[in-house]
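Shared between the two complexes below is subunit A, which has subunit B as its partner in the first and subunit C in the second.
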Partner chain A sequence: VYQVFESVAKKYDVMNDSMTLGIHRVWKDILMHKMNPSPGTLLLDVAGGTGDIAFRFINYVRSARERQLQRKLKHHQNLSWQEISESYQEDKFKSLGDSQVVVCDINKEMLKVGKQKAQHLGYSEGLSWVLGNAEELPFDDDKFDVYTIAFGIRNVTRIDLALQEAYRVLKPGGRFLCLEFSHVSNPLLSRLYDLYSFQVIPVLGEVIAGDWKSYQYLVESIRRFPPQEELKAMIEDAGFLKVDYQNLNSGIVAIHSGFKL
Partner chain B sequence: VRCQLYPPQRALQASAVLRRVSDEQKEPLASSSQQQFDSQPTDHQPEKEPRGPHPSYTGQGGQESEDYESEEQLQHRILTAALEFVPQHGWTAEAIAEGAKTLGLSVAAAGMFHSDGSELILHFVSQCNTKLSELLEQEQKLVQLGKAQKKPTDQFLRDAVEARLRMLIPYIEKWPQALSILLLPHNIPSSLNLLTSMIDDIWQYAGDQSTDFNWYTRRAVLTGIYNTTELVMMQDSSPDFEETWRFLENRVADAMNMGNTANQVQSTGEAVVQGLVGAAVTVSDAETSPAVR
Partner chain C sequence: GRACLSHTEPRARDGRSGEEEEEEEEEGCYQLYPGHIPTSPLQKALLAAGSAFMALYDPYRHDMVAVLGETTGCLALPNLRDKMKHHPEGYRILQERPRIRLSTLDTAKLRGLPDGSLGREYIRFLEDNKVSPDTRMPPKFVDDEELAYVIQRYREVHDLMHTLLGMPTTILGEVVVKWFEAVQTGLPMCVLGAAFGPIHLSAQNLQLLATELAPWAIRSGRNASCILNVYYEQRWQQSVESLREEIGIFPPP
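This part shows the complex of A and B:
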């Protein structure tokens, strides 16, 4: 798995766009909307190498913060000058409102690409990049508000360990979110999807990234991955409550969500 | 099937209040909905994680106490804690997030609820209705013990509606927002349920024993009075809402007179239509001008 991603890292984003015809951006946006993070949230994005989720998180929190500040300003019409000046001093440097995202990936190359992207797009504050294994996270217990793993969990050898680690590092009340390819229930769509996956994607892989085998592996790993209900049961086994899932594009992709309560 | 859990859970709050209230009285409307809701609690059992010897809720202790209560109880606690942040953040997921924080939970716990704040509002409404029931119950006890005079019907209705509307005062600035959210299609069943059960309550304590068409007439009329008074209150800037109470007095007097005419059915229809039209106009105004106050 490591070698697959080593070779794939640089072309990762381009391949994502061409494979999913750009829809993966929509999927990630939907994930962010579902998370609905408020300023001050600490996010851990696992297997998030090139930073897609992290950047979306920062954008979302930034605009939420702006709205919050605007609301505060409206309130300020009734406060004394003293109180207003105090609050301006607090808010001045907090455009993100203390929110932070830690991007953790097992692969150095993916992290490198992610850091370059961040620099290129102008993301500087609130971001950290950590090398780590999802089955054994280098973090303390009860640290994060939200744990996300987008298109990463199918590459983990022991999914149950990754889920247990997720449970461990989340604060009480914290949320686990998993965005992953899943089982298509509609038979007609399923056949079209199979056709597309096995015929078109490896070809694209060869043409764009010069790597047929990696993308063949990708498609096969998607087929091997447990379907929605099974993954839900696994998440519950790790200790999460209020677990449910949302199918996107009738099952091509699913978002699973659970809470540590 | 699990994905469907949201609607039954929201309904569960309403049904809990319904069951508590209708336990004491037999109501033709409520009992049929009781049968629907009674099946839900059994679905809820598998949700409780069996941790520890005995599921007793021990209060603010530590993390462990959360394991001992059901998810629903925890959600109620979060929503109650969130109410104190409503004046600042409005009826939003942010208020719920702040509430969760005060309980020692992560702000992400607000993700358990709908992002438009519906559950928070429904929770608040059902809490107010419960408080009203308790108030009316106490008053009734005093009358039964001979420590207070039994009020004439119009006075009783006026006091009950005023008491219930006064509970909105701390949140009055953001209440128009709450009203418009309650009118969203996916909330209407729950909010309508809460409204009708509250009106039922008031009439029951007012001593309504009717089993004929009058039952519906009285409910419709009082619902109209309540809704229009609530809307007037949104736009009232007089000291201690005097104008609202005066409006209420007039409406109740009108209703009493209406009852004496022969055209009861027609008046019911008119009252309901007036109430709805008034509601629609004011809510659309409230939506277009969010910073009314």
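This part shows the complex of A and C:
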């Protein structure tokens, strides 16, 4: 799997857009809305490679923060000059409000691309990049408010270990969110989806990235991945409560959610 | 022959429908040579279109030119193979399957040959243009093992074409060779390359191509016998001039 992503890293984003016709962006936006992070949230994005989730998180909390500050300012209209100058010194006007996202990925190349993107797009505050393995995370227990893994969990050899690690590093009350390709139950759609996956995607891989085999692997790994209910059971086994899932596009993609309570 | 090699990652133990597994097995069973990726007609069509577009869009994607050749060569390749079969030297090449690779060539010996000999000029060409026969892509999408060799041979002989035609690896030089190859092989990829390659040329070069080089390449291509029927590896000592005459390539302008 490592070598697949080494060769895939640079063309990852282009391939995502081509394969999903840009829809993957919508899926990730939906994930972010479901998360609905408030400023001050500490997010761990695992297998987050090129930063898609991380950047969306920063944008989200930034605008949430702006709204928060605007409300505060309105409230401050009636303060005295003394009180206003004191509030400046409080240094509470951080644009992200102490929110932070840690992007963790097992692959150096993916992280490299992510860092370059961040620089190019102007993201610096509240963002850090860590090399690590989802099955053995380099973090202490009970650290994060939210754990996300978007299109990464199907590449993990021992999904159960990754889920256990997710449970470990989340704070009590923390939320687990997984965005992943899943199973389409509708038979007609399923056949169309299979046709597209097996016929078109490897061709796109060859033409765009010069790499048929990696994308053939991708399509096959999607088929091998546990369906919605099975994944739900696995998440429950790791100790999460209130586990549920939401199908997107009739099950082509699903968001699984669970809480450490 | 049919080798039942799996070219994919190890199969899953669960979670896949029987139908899909069958489809998988079918494709995996048809790997006819190392590097072969069996493709359905739909996939070939998509590959042909995609590679044609990408080759034009990004001329440095030589792999796309190769893929285009493989996916569109279904008529031309059998034709070439038959030409080889019916010619004594070509037949021998098909039997012995020689490969032109730096590891198999005795470059020191070739360099030692007299100037004007095929071997000496070929090495000179490789060194001047800083190319190597080892960078030729092995075929992936040709669904016949013998035809895969034919296209491989065509690719490896390409540099010798440059040598015989006296053309460098500039865009102009490549286009001229493509014109020659298009007439010689009938491969759609060569035809497309010859037709669209000039897009990237300057006006001056374009004129040179149109007035002198292309007509010469076409005439030579028509006049010459099949270039795949020459056992180049046994003719290093032969002078380039005499080989040109033998094949029927007119002297370059």
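We adopt the following convention: the second predicted complex is superposed on the first by the 256 of 261 C-alpha atoms of A that agree within 3 Å, B and C clash if a C-alpha of one lies under 4 Å from a C-alpha of the other, contacts with A are read in each partner's own complex, and residues count from 1 in each chain.
One rule holds for everything that comes next: a contact is a pair of C-beta atoms (placed from the backbone, for glycine too) under 8 Å apart; a residue touches a chain by one contact, two chains touch by 3 or more.
Since we're looking at a predicted model, the values are computed, not measured.
Asker: Subunit B versus subunit C on the shared subunit A, clash or fit?
Answerer: fit
Asker: Looking at A:202, would you say it contacts subunit B, subunit C, both, or neither? Reply first, second, both or neither.
Answerer: Only subunit C; A:202 stays clear of subunit B.
Asker: Can you report the vertex angle at subunit A, computed from the C-alpha centres of the three chains with subunit B and subunit C as the arms, to the nearest 10 degrees?
Answerer: With subunit A as the vertex, the angle is 150 degrees.
Asker: Once chain A of both complexes is superposed, is A:223 in touch with subunit B (first), subunit C (second), both, or neither?
Answerer: Touch status of A:223: second partner only.
Asker: When both complexes are superposed, which of subunit B and subunit C contacts more residues belonging to subunit A?
Answerer: Between subunit B and subunit C, the winner on subunit A residue contacts is B.
Asker: Counting only touches as set out at the top, which of subunit B and subunit C does A:139 meet: first, second, both, neither?
Answerer: neither
Asker: Touch test for A:259: subunit B only (first), subunit C only (second), both, or neither?
Answerer: first
Asker: After superposition on the shared chain, which partner residues are touched by A:194: those of subunit B (first), subunit C (second), both, or neither?
Answerer: In the superposition, A:194 contacts subunit C only.
Asker: In the overlay, answer first, second, both or neither for which of subunit B and subunit C A:232 touches.
Answerer: Only subunit B; A:232 stays clear of subunit C.
Asker: Considering the aligned complexes, could you tell me the closest Cα pair distance between subunit B and subunit C in angstrom?
Answerer: So the smallest C-alpha to C-alpha spacing between these two chains is 22 Å.
Asker: Name, in rising order, each residue of subunit A that touches subunit C in their complex.
Answerer: Residues in contact with subunit C: 194, 198-200, 202-204, 206-208, 210, 212-213, 216-217, 220-221, 223-227, 230.
Asker: Using the touch definition from the top, list the residues of subunit A that touch subunit B in their complex.
Answerer: 33-38, 40-41, 68, 71, 74-75, 144-146, 170-175, 232, 241-246, 257, 259, 261
Asker: Report the residues of subunit B in contact with subunit A in the complex, numbered from low to high.
Answerer: Residue list for subunit B touching subunit A: 2-3, 5, 47, 49, 63, 66-67, 71, 74, 88-90, 93-94, 97, 100, 103-112, 115, 291.
Asker: Show which residues of subunit C lie in contact with subunit A when the two form their complex.
Answerer: Against subunit A, subunit C makes touches at 7-9, 12, 15-16, 20, 23-24, 37, 40, 42-43, 46-47, 50-51, 53-54, 61, 63-64, 67, 140.
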